[in-house]
């Protein structure tokens, strides 16, 4: 995450940049502090009037985020200047409630819980775009269930598939990755509340009761115990964002390759170029590929901080915040871009057919092999088919016709088999069956 | 993964090094080929005699792994030289069955499925050590439910916890991470079978029936569709290994810190040093920390390959194998090391108590603050307690006695409160409650 | 427009956050556009009046960074909305010069060169803090050239070193890493100017002349050719930032470990804690460790984008900006923190001596071994010294006295050798020689 | 003993796999031990007869690498079982020299120096392939200095370049990256010799003299001080391998894209496919892309270990070995693959011309714009050229002819300008100038 909207403009969306902006972070932090005060008042731990005063102060006009950010370095936590600023505001109003700000809590309680509140909203934002993408992919796959195209392996032609099956493959991976990501959100969005050493000792025997009350106030679940130095739940969220974004990156890679004019099988609605007014760039795919490029390193950056010391880490925890925000923003950026790309995608079935035909049918060599090898043996079959493929490509003749001219092979096939040998519709195997299973859910 | 047992000796276990050794990889590959032949014979796709011959050849004496590895580079897949070697063996015996080797399958079917078979065994190996570790951690936590020690945050003293609670925190993270890892193993250990373009077209309408038969033969589940270019399931396994290993690394970090002689609160059975016969090194923790150091990068290396082209990637897929093996071996290495470390751990409760006492009680400043601040206000409280803490540390007097001498404070506490102010047993909050919840499962 | 100084507050400095802030990025971009116009006017490629008008418009009041950031996504580059905004400003003034904005240039020319301009300033900022740190480390090392302390390996005691030597080791690594980083800055801070396809064809045969003029205008060197899709120079800068920050992280790890109260050999001036007024946290080390935690992943994120397509990448290039900014900011954050930490460091030589003494001299077992093993043989020596070490530790007697009681050993040492066996000053080997060489430069 | 050549077959070369094989690692380790003994004998630190005996034992038949690897875990270093095995061999021969094995040295001295010896040989192996690749790239660039082809940005057509310039760009990046890598080899290949705590105290005042003698014996340079916990030199080597491999990956990405049959501009000699005898896969590019995929994570894995504790790390150092070997092997694998790919590359200039023509000349819109915009203004120009481009593409007419029909535009161009508007040779700008500079060195 950079401190700049411009430099990060391709790595976030407006909505997510807002979510992690200073105003929003401040609000989440203050929401924690005022919920804590209200929950404590309800249990009689602090006077109700103090809770009211704290809530009012926390709801007041903005604090100076820049000043707080600068002061944060001195104590290695932004919680201290934040709490000081809130207390100072009350003190300035001569309100003794200042003494009850952050009462018995620790920095990490406020920061981790504020992050949970932000992640909770991120889930909603991302979930909305995901739902849209799933719908679009299902529709696209259904419309092209019978659109035949080249399969491609190692960037070389392979036997045919349908575009509908290809899209269903995209859908499947995105769908599974989203399911995992949802589960991770469920685990990670949770109250952190442990006090100075994770025991809530400052509240005597009322600690867990207060935690429950606070969680209710914030509408967050409570974990079995504070997780100050145990970051697996957040790590799972980060890793699952990484996998999800990679799944989007795979779509982007395919779309950008299919959109090369030499291939020309699909086109994004596209972004322009300043130099060439005619140019249509795969802007959506580019954004998603940029996101997928950055994610593995961001995931590594988070995991590297998990080996935390004792009850609160000296470095590993303090490294997390910018990474988590960058991970969520990058995920959301890729998702918004791909959702847009898929929604605006033009498909050219005739170009798909034409590219298939350009192979002259040599991609059906495997089919011929399955038919004749039992009779001819492995070696002869390989030799004859390689020969035939070469002839077809060199003479620009259909592979079928070349085969017809090879007595050893032709004699083994019925006329019907020979006629159909390069009919892509007859060589789709279980493509449609797989497509349906992938969309089934 | 390196090609050497010595250089990798600290990054694997004997069992896992064997699992990914050439013999074992060859066996898994050949198991795929012979299962495929048997399944095909059962469906009448190839003669039963061919299946028998293939199975016999595959079960025969070892192939030349070194030669196969060298040839693999020419085609960017080890499957081609492997299939050739198996066919050649049958051809040498003048057996026409050679033509039915790998019948209609593609390289990736064999390699991905062979990896699934290896991962299935890895799950058992790792699962056994994990069960042992869980048992040991539960026992250790129970035995030290009442062993009081310093909490430590940012490597500085904080209010007390129990060693049992600390261990329960380790248990909780390892336990949750294992549950996720188990689910990922369940997703990743699955048949890959799609043929040249992922449609199984070579088998006409029999593709999915054959897949089912083959899966039965190999005792593997079938996914909804081939996953040639969709690697999210493997990615989840890799990422969850990363999280699990980091959880082990956290234990290792804590143990190695507690085992510093200046702290001296626990000791591993320990490894020796060539130079100093008296030395007892935290060898188990060191192995686990080494593993945790390498894992984030390995996870990133896998994720980076997920953006795969079309129906089979040009690079991303081919990058996977050594990473997956390294990830599993590194996980297993960390686990074996920590299981050993915990089983052999000596705990020194008296040293824990002594280190706590060395703080002269200033770690209870928070407790004092909770008691007096409502009356004194925030500022006065902070000032007085800071003063008292400084005096206690400088004069090596108990914080309690210094407080007793401060009228403003002493006047606010009952005698009982004052006497108990630095009694760690009285300031453990919900430690035991949390400990139990963490162990509950 | 949003900003996120708060979440990144521990991962940057105020100065570097400003450097990569929207205002500063905009200014660098506009500086490129106006320098381009001036250089073109000088070569007669555009009218001088157009260049003047463009320079005036570019120097005018701020553009709407938020709007530009949002529009950037549509074309996958922020250059298009920026150029449009600048053109529109001129058009609004009815100035035909708008047509000459960005004349013949491409998005990447502007963005890469703007980044070079920012990096040039970053070098100055970081260089200043580095010089300060070098000075401080040299001074600290010199002052403690004779301060004896425990060597520590695997977090266990080893033979003695001097604190001065330890600090010189820190200095050496930081110094070497900085030299590499300087060289990388030199390579990376360079003009990018290639036009649409890297040939400068839009300028006919005047391309390289214009490049030279533009470079002069911006006070930047010109590379041998445009480097649109060849990012090795930037990659070297990023990697060398990673190494430099890791070198700072090593200092931070050592300082934070030495500052544990149980060790107590140094103390940072320190950051406070909200809960415990007495607490002195290693805030500087924590910031540097947080930086070092994030860097390997950030470096990986950059390297992952280097495999760029043809003449301008579809994803890899677009991924760079936020990573480069984060890398520089993180480096600067670690550096500022460690410079502060070292400047404020209190050293406790008496505590170093005390910790050394607590080993009862068993760390000199190696010294004894060197003296007696030639006579006693390997096995007997190991056995006897292990025994002696155990006795010393168990009885809390000096190792020296225990040895004196072992006839086989005592008989082999002169009285002087025996008396000096555990004198740390006599077992420092080449520590001072190494220290001086490390500081030599 | 196990080995895993198969799973790593695409990630190494035979030569490098041999270099890091157990036999080679053992030999390097034993070379250190016997050189140490000889150097010590020469200085009179041990008897000459002991040095002879150690050298003989070290040169004897192989040790059991598998057993040593297994034992290594107990002490977290393979040096201890290795030294024990060597001592035991001498003890078995009743030779007292066993006591002088590894005399005064520490594990890390032996392991780091053995790695230096291996890296020294790696430099030679890799250097040879690099020289071959440089030669091939220069030749290829020269032969195609005038071969015109499409520039491509974001995988879309851009103004023309020459294939010779494209290849020179590859050359330039590989060449610069190699120069950096050479410097890093020079820094990293160096003796490590510090003894237990990095002071060489065991040798009294003879430490540095012995280091010099040992270095001479091993033909390695000596650093200014031991670098046990300061790993920047190795880190630079690892990072520069990462950059170099990424530069190779960029070539591979371009080649694999140009080799798509729909593009068809180059072809590798190519690897086959088991299923399709006609198929020609970009096997070399695939291997290099696989390498480039893994490298960023491997670099991160190394950097993550640099934050090392005190005088020898507890985890960070022990994590290095397998990463360093994997990095070197992966680099060598990519290099060998690309050297092969380039040497066997067929170039199809006519296909390059044809693909260029397929754009109907709209890629020259920029050229037209430069000519007419000064007269027509920005907006009118953009509108007219966009219109013309659309017409050309829709009607499959030359852009030139469409422009000729647009009076506003045609009236501004001379007949000659109009005729040449889409002549690629006339729109290459400084391509040849840049090409030469890149090859100049």
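Every chain is named by a letter (A, B, C and D) in the order it is written, and numbering of its residues begins at 1.
Just so we're on the same page, contacts are C-beta pairs under 8 Å (C-beta built on N, C-alpha and C of every residue); 3 or more make two chains touch, one makes a residue touch a chain.
These numbers come from a predicted model, not from an experiment.
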Steps in the shortest chain-to-chain touch route ending at subunit C and beginning at subunit A: 1
Touching both subunit C and subunit D (chains): A, B
Pair in C-D, B-D or B-C that repeats A-C, with over half of contact pairs matching by residue number: B-D
Result of counting contacting C-beta pairs for A-D and A-B, higher pair: A-B
Whole-Å gap between the CA centroids of subunit A and subunit D: 31
Chain centre separation in whole Å, for subunit B relative to subunit A (CA means): 23
Junction residues of subunit C, two or more chains touched: 76, 153-155, 158, 195-196, 202, 252, 256-257, 273, 275-276, 281-282, 286, 289, 292, 295-297, 299-302, 304, 314, 366
Residues on subunit A engaged by subunit D in the complex (per definition of touch): 153-158, 256-257, 259-263, 273, 275-282, 286, 296-297, 300, 304, 355, 358-359, 362-363, 365-366, 369, 382, 385-386, 389-390, 393
Contact set on subunit B toward subunit A in their complex: 46, 76, 87, 91, 96, 98-100, 103-104, 151-155, 158-161, 165-166, 168-169, 172-173, 176-177, 180, 187, 195-205, 207-208, 224-226, 229-230, 232-233, 235-236, 239-240, 242-243, 246-247, 249-250, 252-254, 257, 289, 292, 295-297, 299-304, 306-314, 366-367, 370, 373-374, 377-379, 381, 427-431, 433-435, 437-438, 440
Interface residues, subunit C side, partner subunit A - complex: 1-14, 17, 20-22, 25-26, 65-66, 68-70, 72-80, 83, 102, 106-107, 195-196, 202, 252, 256, 271-276, 281-283, 285-302, 304-305, 314-316, 318-319, 321-323, 325-326, 329, 333, 336-337
